[in-house]
């Protein structure tokens, strides 16, 4: 039995909150602040898990089902992602579709949980989430198509496994397109700048954060954990495309991968420090652009 | 030759009657003329069948049609005319002078048409086919261009006369029952039309068919 | 036997004029109709032998039309009993205007109905084109008083138009007959006879130009009576103003008889090798009729006129089917049967609705489904039937005609045919369905309910047309095949 | 075949008997007939799906060109299965529904037409003769018309029925032309004896075009879909379920059946279907987003799902033409499975919508809300249906879309040129459709069942009767079961796929089916893992909250102290960003008075999104024809002289023109 995928999977779960910390630290660095500790995510989780819960009288079981379904879906999605050149625990033809739709499932329940509160603010966030994710979907799927076409195989593990530094040398342009498209989807799906600002304090401008305003305690912990895992899931895809380092030694590959993930966190932090949030009306253009990039990449790869 | 001569004379008479009908404005004149046409046709039947030597059935037919067309129909029509108390065809759709001009054109057309249709064998007269066609056309023209219900019946009769006249050109006669049937039909038709004219005049105080336009699909 | 077919209703008609008691006269009407039906059944079972050149003889086509006529008349006669029993005698206010009107004498009405039957029977048994002509003109004369039964000015106008236009048309047909005789007198054995079989036998020797001209004249002449556009102008008026039972007979029986006149001419032309000429002409005028009918069917505000224009459309269908030849002839003949049954049914139902609502306006009738449920159900079934929806008979016959058009390579005709059918469907379905649906208008309370005598006859017709859509019985199929063969539609 | 005929007989007998029986038994008799008949029919269908040989019946039929030929081959059986599953569910539901809404009274022939609809569909799926097919087709269509206009006292229902009737009739005209052309070229109207293999490309293309229009009208493909969003909302809900769930599939069935009769498809057929599928899919879901009426929204989703199915067929055809068996098989399998799935979840959703309308008295999303707590069963069932139709794992909608995706992805692996373009467009289109469907169903479910009631109607709603809940529960269970048991279902489709492979000239598809089955098995594994993970999370949450304080409070209003139910985000506002984004396509009209001034008075806002094809194409067309006809009507002006002139002119023209 090859334990590497399972170990990487557990490592990802363990390290996911750290990624958020890296981003926050990077932003603090650029802002000239000390910022929260790197491990703040773990502290938050620990704090939330100890608390009780307050539920709005308006809500029903749907509200309570949202967090558990989110974390469940994202956890399974993580099992579909190959990391560091090792195939994922679950790898089969068409696995990328399951990945995409598990994320959609999580989103579905987050959205209806938000609507269950009856709050106009949460409804607004839910509406925006639904809009942007619908537009991000084609880009994501087409990125997978491009990877599959490149590898001539229908599973994500094979698609990412077929990449190598050599591949970057031979058709850098196409891979750059895929990487760019994936990066946009990564930012959008994880509610990062320039699509959403996770640290804003005005509900009217939020997307993801405003949807979970009413959650607290363990529920919020699950939600937070799910969003970190999701960041990891999509980040792993970006890293898989951009840093296809293959040393042949599983431990080395895993190490390089984790390091690259943390670097991705730094990159996100840089982007967030350097850019402002786009106007909401401009976001669709960005998302459509990612779709176009991915489509272009698919067509350009010689099958 | 004499038969031919007689026939030609009668045909020319028919032709002239047609023109008079086209130009007639008085309803009484029209009725008289159509009666005259009936009489001429009855004579024509006899003439075509070698005059006095015609077989009995020709005599029967000629006399029968003569009586019906020259006596009975005018009688019906006159009665209807009295009931309706109308004398003149007022403001026809095509004026009387123009009608005569149309008649000239129709005559030309009939001659041309007849020339295009070859005849199977000897016919009583070369004029027979064109004149009968002309009479049909005149009848139709009257039907189309006149307003009074009575004139239309006259027009119908003229058409029938034309067709009848054409039938004379046939080398072989229609069998007697058919001829009688045709005559009876026309008789009944005119009889019923007469009744209808009476009803129309009672209902509308006039027999102007311009009043008979309430049934239509034109958006009003 | 054949003579009896004609004479029984004729004598009954005379008798009807003499009878004083209404009930007796109505009984006579029904009895005669049923006797006639029985006689027809007998000749259907065993065609009476007659020499091929006999003037009165039943060939398959004639048998078919005769059968339809007789069935329809029997149904209409039964309906008429209920109708006459419920008609108000005294002068009553017109439904469209304030003027008073009364009905004509019932004796004359009944007698004319019987004469009408006699003359139509004569049409179907005539093998001599001259006799045929006499008979067709006689149908006009017998039916004119029927149209004028309600003595108000609209029916007067309708009758006048019917009488005059049809008479002129028939006069043209007479000229056509003479032309035909002319054409026949050219051949070596040229006899000039108008007996159908002699004409057909001598057909190769007929003079082509005379023959063609004769066909045009006969087409226009009988076409006027049949209601082919643009000669149909009298038809909507007459059908709309006549009592509904008469409308049913006019549309379901009389038009077929006129069609028979055209079929006879077509037979001669086919035999003379001019079938294509005649066929193309029939297709053209048939399609034109369908088109024009569609124009008037769409947004037609008067439901009886709607049905009348539908008759124009269906006559066009018959003409197209006949003109296509081949397998489509079978379709046309089957359609003749289907149309008669369906249209007869619809006109009788229209009579029920008219009696209950006192309005012919589609806008003035609502909620028939609630007021007259049986009539409404049959009305909808009739709509589906007449517009060619399965499982009713007209669907099959129209299908056969379209198949004929396709098989013989008439793409344009096919497309137009289907297009006009669709337009007619759209035009008819809307008002007829709206009448049935919804709640009855408060302002026009329907007077009366479904009466047995008013719904059973149309129901019988409806059942027949439904069965014809599910199964063409062999006795009918055989006659249809034989008739199609006679007309020249092999197969 | 005996079981199938018994099924037809039982269903019809039930319908007829309901006309004859008294008020109390009217519905019960019919429901019993439909249920028993469906059971027989389902058995017959399953037997064939399980691998039994095709059963056929051929009885001569004295109708021109007709023969009473029926056969259940795997393709027929696959379409029969959802019919006989959905029919009893809809019937049980409908029996109770009609009783509650109409007191079992004035329901007229509704059961007769329901049974005729079912029988019509069943015969359409099994007929092997053109005339019989058309007959059944029309019985089905007309029966549906009478069901749609069941509540004909309402103006909009009559109008909807009218639109439907015209559309279906025009569609049928194309089918008549198609069948007759096929008969001419193929020598027979019996499908088994029709020989079209040698038909010229032009003729085959024409036939295909006629089939697309004729069957597309019934299926509801854009731009022939206009009747669908009108008719489905107008019908009683169990009828909508049947129509949307099964009747429109008759269009898909017909298309497939005809494709199997035609010569091997050229490339453009596949592209056309992919394009039409995409347009219908995206268009359908976009219009659904803009609707406020729950049933109208669902109706537009039927357009969307028919688009997905057509897309799958198109992918299949593209694959078949390009010689890529896996692409072809995945496309076909996905499309066929989606036929089944859509029947289940759309049936479920329509029944749910009916329950909502019945309980709350309105279908307007902006007047509903908070029903989840008042109608927990309906809410849960509707949620499962919503998730399934959005294509979310672990439910059945995901499985079929997965297969179509897989086909497109497989085409993208090696395809070139147009094949690649079709694959990319298909994949991106499906993704967009999926995303938008998610937006739409979160909107629908959210505004109906979640939050607070937006109107007194909704506030007073109570859960519906068990006879209404049971069918919904059964359908929801079926959605889950197919989602998890997809590999088994695919095994049941082996026969159909083999039939299609043979029909389109592909080698025996065993290897491809094995590939697909293993992929589906993996999906099922992932789904089970998901359920396990969620169960784990639930347990963890329960464990964490045990013994801790769990309190209830008002929703956090961001500081606003007195929120009311009317301040909730409405369905319209939820959809507004997307509706706004797609304004060029949707052309939503907004009207009302905006608030103005420092102390604004009453303000209002309303929006409407009429169908663009209807408004932009058909209505002007019909209005133009009506106007033209109106002018032509001058011809019948009532003047007898001119009438006679027509006669004379006709005579002269014909004489001069024709006689030479």
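First chain written, first letter: the chains are A, B, C and D, and each begins at residue 1.
The rule we apply is simple: a residue touches a chain if its C-beta (ideal position, glycine included) is under 8 Å from a C-beta of that chain, and two chains touch if they have at least 3 such contacts.
These numbers come from a predicted model, not from an experiment.
Central chain (C-alpha centroid nearest the global protein C-alpha centroid): D.
Across the two candidate interfaces, B-D and C-D, the one carrying more C-beta contacts is C-D. Look at where the CA atoms of chain B average out and do the same for chain D: the two points lie 69 Å apart. Chain D has its Cα centroid 44 Å from the Cα centroid of chain C.
Each chain gets a centre from the mean of its Cα atoms; for chain A and chain C, those two points are 77 Å apart. One simple way to say how far apart two chains are is to compare their mean CA positions; for chain A and chain B this gives 100 Å. Residues of chain C in contact with two or more other chains: 160-161, 164, 168, 172, 209, 213, 236, 296.
Among all residues of chain D, those that touch two or more other chains are 630, 633, 636, 640, 644. Pairs of chains meeting the touch criterion: A-D, B-C, B-D, C-D. Residue ranges of chain D in contact with chain B, taken from their complex: 630, 633-634, 636-642, 644-645, 648.
Taken in their complex, chain B has these residues touching chain C: 116-121, 136, 140, 143, 149, 152-153, 156, 159-160, 162-163, 166-167, 169-172, 174-175, 177-178, 181-182, 184-186, 188-189, 192-193, 196, 199-200, 203-204, 209, 212-215, 217. Considering their complex, residues 160-161, 164-165, 168-169, 172, 209, 212-213, 216-217, 219-220, 224, 230-231, 233-234, 236, 277, 281, 292, 294-296, 298-299, 330-331, 334, 369, 377, 384, 387, 389-391, 395-397, 399-400, 402-403, 406-407, 414-415, 418-419, 421-423, 425-426, 429-430, 433-434, 437-439, 469-474, 477 of chain C touch chain D. Across the complex, chain C is touched by residues 61-66, 108-109, 131, 134-135, 137-139, 142, 149, 152-153, 158, 161-162, 165-166, 169-170, 173, 176-177, 180-181, 183-184, 625-626, 629-630, 632-633, 635-636, 640, 643-644, 646-647, 650-651, 654-655, 658-660 of chain D.
For chain A in complex with chain D, the touching residues are 49, 51-62, 64, 67-69, 71-73, 75-76, 79-80, 90, 92-95, 97-98, 100-102, 104-105, 107-108, 111-112, 115-124, 126-128, 130-131, 133-138, 140-142, 144-145, 148-149, 152-154, 203, 213-214, 217-219, 222, 280, 284, 291, 295, 298-299, 303.
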